[in-house]
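Every chain is named by a letter (A, B, C and D) in the order it is written, and numbering of its residues begins at 1.
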Amino acid sequence: MLKVGINGYGTIGKRVADAVAAQPDMTVVGVAKTQPNYEAHAAVRRGYPLYAAIPERAPLFSEAGLELAGAVDELVAEADIIVDATPSGIGAENRSLYESHDTPALLQGGESADVADVSFNARANFDAAEDADYARVVSCNTTGLSRVIAPLQEEYGVEKVRATLVRRGGDPGQNTRGPINDILPNPIHVPSHHGPDVKTIFTDLDIDTMGLKVPATLMHVHALNVTLDERVTAAHVQALLEQENRLYVIPEGMGIDGVGKLKNFALDAGRPRGDLWENCIWGESIGVRGRDLYLFQAIHQESDVVPENVDAIRAVMGLEPQDESMRLTDDTLGVGI
Amino acid sequence: MLKVGINGYGTIGKRVADAVAAQPDMTVVGVAKTQPNYEAHAAVRRGYPLYAAIPERAPLFSEAGLELAGAVDELVAEADIIVDATPSGIGAENRSLYESHDTPALLQGGESADVADVSFNARANFDAAEDADYARVVSCNTTGLSRVIAPLQEEYGVEKVRATLVRRGGDPGQNTRGPINDILPNPIHVPSHHGPDVKTIFTDLDIDTMGLKVPATLMHVHALNVTLDERVTAAHVQALLEQENRLYVIPEGMGIDGVGKLKNFALDAGRPRGDLWENCIWGESIGVRGRDLYLFQAIHQESDVVPENVDAIRAVMGLEPQDESMRLTDDTLGVGI
Amino acid sequence: MLKVGINGYGTIGKRVADAVAAQPDMTVVGVAKTQPNYEAHAAVRRGYPLYAAIPERAPLFSEAGLELAGAVDELVAEADIIVDATPSGIGAENRSLYESHDTPALLQGGESADVADVSFNARANFDAAEDADYARVVSCNTTGLSRVIAPLQEEYGVEKVRATLVRRGGDPGQNTRGPINDILPNPIHVPSHHGPDVKTIFTDLDIDTMGLKVPATLMHVHALNVTLDERVTAAHVQALLEQENRLYVIPEGMGIDGVGKLKNFALDAGRPRGDLWENCIWGESIGVRGRDLYLFQAIHQESDVVPENVDAIRAVMGLEPQDESMRLTDDTLGVGI
Amino acid sequence: MLKVGINGYGTIGKRVADAVAAQPDMTVVGVAKTQPNYEAHAAVRRGYPLYAAIPERAPLFSEAGLELAGAVDELVAEADIIVDATPSGIGAENRSLYESHDTPALLQGGESADVADVSFNARANFDAAEDADYARVVSCNTTGLSRVIAPLQEEYGVEKVRATLVRRGGDPGQNTRGPINDILPNPIHVPSHHGPDVKTIFTDLDIDTMGLKVPATLMHVHALNVTLDERVTAAHVQALLEQENRLYVIPEGMGIDGVGKLKNFALDAGRPRGDLWENCIWGESIGVRGRDLYLFQAIHQESDVVPENVDAIRAVMGLEPQDESMRLTDDTLGVGI
């Protein structure tokens, strides 16, 4: 059993912890948190040993009636691998801690690419992590783009990708983030940094992206255009995408006309936290004009990177090959609709 | 096993169906739906026989690959009791159908009080439903107010209640409802109809309410003021409210400063659909000035009436007395934090 | 003085009335309204004779203390031309009324193209309205696209346009419209109808559009990609667009990073109702990759069609040639920043 | 002519500058800004001499093509009185600068009461500022409460005020502020600090307040309950409030059912920036139960304190008595609907 420690138990960290706990070949040896809030209580209830991410704050935990297993460096020492899910930029600061214990680690998409040896997406470049000690699981948006580009490229060849990313302003619990009533070109510079980030996975891809931020919390939505190398039919593309386990092509007639109903659908299906690990592509939106393919997909920013983290652990530790890892992850979590 | 039919399988209906299915003394004999959308598919997946609420639309279901068990009148005939969870006003129209089959029924809070023989809240007036064939489970807001008023009245006596109801504009999936960026006095007339609705439960209560609608979807929030008959301490009130199983007093220090984090908390706790069946009262907000008690509570409009419906079934059918019914409902669903 | 009647005095109608009133060659002979609400009071305060759009409702106006000049057919008889600014679909119904009085009319973008003899944009096809009696001023989005495409096409040639339209859910006063917390692919089919609508202005253009709706009220934002016939620099494009009086290229360094600040800017500038008649293009966002041009523009849905209506009146009535009309409109209103 | 300097030219500062410029007995000698953004350009366009609030940043202004008249201390030296409209807490820091020049100053509601010699509301305690050098114009919410409490107290006597303040999350341009989809009890402690703040104006008032924050930007809405000393009719109260020039009682039948339409109404009326300097009380909402009065009012946070600042200048400088000052302010600005 591989011993996995999670540093940073927030939106991403708590989901990765649960996903790791569901694997037959891994176990959660502990999670590190900065504050004894409701998430800390939930961690304890789930049986995860709790570590203080900031040692000086340890007393706050005992005051809150939460027993600590130790401080974060003890977790790093104890673990075979760390999943760092701290806020953007903190992961980079933490790398030296991991190095000092010779503990490999995963970093998240909020870090810049050069913080890690490799940027990782299970579908697109699993094997690239083979020799890496530090792998960066790319951001929710890059993950979402990579998963849909990979099969298109393999099947038809891709001349150019143009994507407009209509991004949620904050996650549901982030009540200090805006905007409240605005549409923000964000970043204002075009093409945005999202394209180059996708190129950490597909080195030679021609891709231009534009990003916006809007007052919504549930999911991002991508308006995607891919100019393919050959003419195809929408039906052929739909069939291709339906074969991918981490893509959910929403069937016409389901009455799911937006992101709110999509989340209801996930909650009705009993998904933990209503998570949608899959890209959700509206079947009706798949349209073709000449060699230009268009589609809308919704990306659940809180969870799409979760199966990727599990696979990245296996890739970095050399536990399983790509197909076997992805199959195992998907089976244990219930990925694939 | 009492045979329960659900007519109207939307936000409330689907939750009531699952709650009934979890009871040892009841079973879901079927749910009636108007359209073969994602909720219909979920009903089938959960094993609930599906009936066409509008018989002429039956072919749409087969086209969607959904097998029907029949039309709604067959469900009414088959059931010992119907829970009507159709949109406001439709329940009133449906009552004659239920009467024609001599099938008792529950109606929901969207109906006016005179559509039923009695208005029902499990904590406050369970026994009033004993001889009723048609009971109305009061609205989410009235349920939320009743649950907190009952113990205050019993323990201290209530001179007057003043409540401002800051209501969500629509449920998460209702994407055509607004407002987007507005605060609406709604209804504009003050005191609002919510007060009189509470008086269908507490006949002699002095209560004035004011309602507003805001651009949020997750929960309602009540700013509550109760002038008690005696002076009390905040600590005493808090202890009193903490004894109630359907009130959750959010402990200080949990870092739950709003409704978004509250829902995260419920999702982390593994609640189905992230439901919060309990009134959620912020412990820190319980304040006393003289005989005036103040507090904030959040009410999960999609689910707080669900345990009430289960109890109302038992009350109308004479299955169990109040305490036993509420205990059973809470145990099976997991109500009580 | 050309006598202009306005049928439908809402968001668009009231602005067109004020714009007409500001012209030296036209006068507002009356506005027709359905209800005596605050807008009706404002019309009277501005001195516009008020007509009942629905004759049976005339008594409501007198009850509200508003004197009527007559019913809508009298307005049609009195006017040389009608600007119909009624809700989508009503304009089509009204056409026969205008025909019965031999009164030419403008219709708005909510109507389908075949309701009018011609679709109109002042910059792109002014002369096409010369022989028309019924001209449709294209929608806010189509107007916004046309204004930026025209100079690009003339200067560089356009191979293909791809635009993602991130649309506001409702206007600021439309408090029943949603979504509250959602991102809606809308229409779900891709390419959307917006592209074909642009082709009513540019017959041979190759254009694909994708539309979304988000919880914001102030302006639409377009993420625009134009593949040009030749390679250009961003600076050259910026200079080109800055020459256009109905395009405002927001200078870098103004600190206007979204639509909210843009509206503040307009209000600070003393614009009536804070209107932004110009497309607002973020200068920093103008980016070029090969022959691909990218930019973000904000479109003020409530007002960008207003100068177009004034010009369309002149075009249909043969009052002035294109350049003279646009110059006159812009000078009197203050268009051009 | 009294020379007024404005330090902090943001939401409040720019409005106060325009209001001062409209007075016959005052002139704007300059405004101090920290950055050369769109507001700085607008200041220059309006002819206000521009000073650098942070001297080291002066070069940024020249780079942006904006000529500076000097640094903020020169403005303080030049002015007879300073209106400090910097962000909360900065005013307190600035007081020593004003003192060092013996320049009296107004501070805004974001400062704590003890930063100034007196807290000020024109209607309720104008004369209290007579001997003060530093007066704090109370916050938008306290101003709104004070204006409606004063006449009620004078006419009927007030036993107790209970107010729920449903506050906008941020101003329209503040795109980093949330919440996006939440309702926040804020502050969580009840009664909130707003009540004590009102008591800086009405020392002996019995008032309890509860505050919330919601995802809206346009105005605050107060759900107000006042227990009067005597029984009254709603009509009598309405007539009383209609006499107050800074209260606008929205007539029934105007179709103004929320804050969005209220702002449209102000924009249609040609108000600068769509400002509503008056409390806007919904006439239909004025309701009476025994001695309990209820009403809803909307408070335009960006502008209601603007006439109060003008009056506070006169009060502190001893220019005019209360009635004359308020009349002058209202006449020049156009306050009173």
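Everything below uses one rule, namely that a contact is a pair of C-beta atoms (placed from the backbone, for glycine too) under 8 Å apart; a residue touches a chain by one contact, two chains touch by 3 or more.
None of these values were measured; they are calculated from a predicted model.
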Which listed pair, A-C, B-C or A-B, shares over half of the residue-numbered contact pairs seen at A-D? B-C
Sort out for me whether C-D or B-D is joined by the greater number of C-beta contact pairs. B-D
Greatest separation from chain D - chain, by CA centre: A
Centroid of chain B to centroid of chain D, CA atoms only: how many Å? 41
Chain C and chain D, separation of their C-alpha mean positions in angstrom: 36
What are the residues of chain D that contact at least two other chains? 168, 172, 174-175, 179-182, 184, 215-218, 257-258, 260
Inside the complex, what are the residues of chain C that reach chain A? 162, 164, 166, 168, 179, 181-186, 188-191, 208, 210, 212, 214-221, 223, 225, 257-260, 282, 284-287, 289, 292, 294-296, 298
Spell out the part of chain A that touches chain D in their complex, as residue ranges. 168-170, 172, 174-182, 184, 215-217
Taking the touch rule as given, give the residues of chain B at its contact with chain A in the complex, in rising order. 14, 35-39, 41-42, 45, 64, 172-175, 180-181, 217-218, 253-258, 260-261, 263-265, 267-270, 272-274
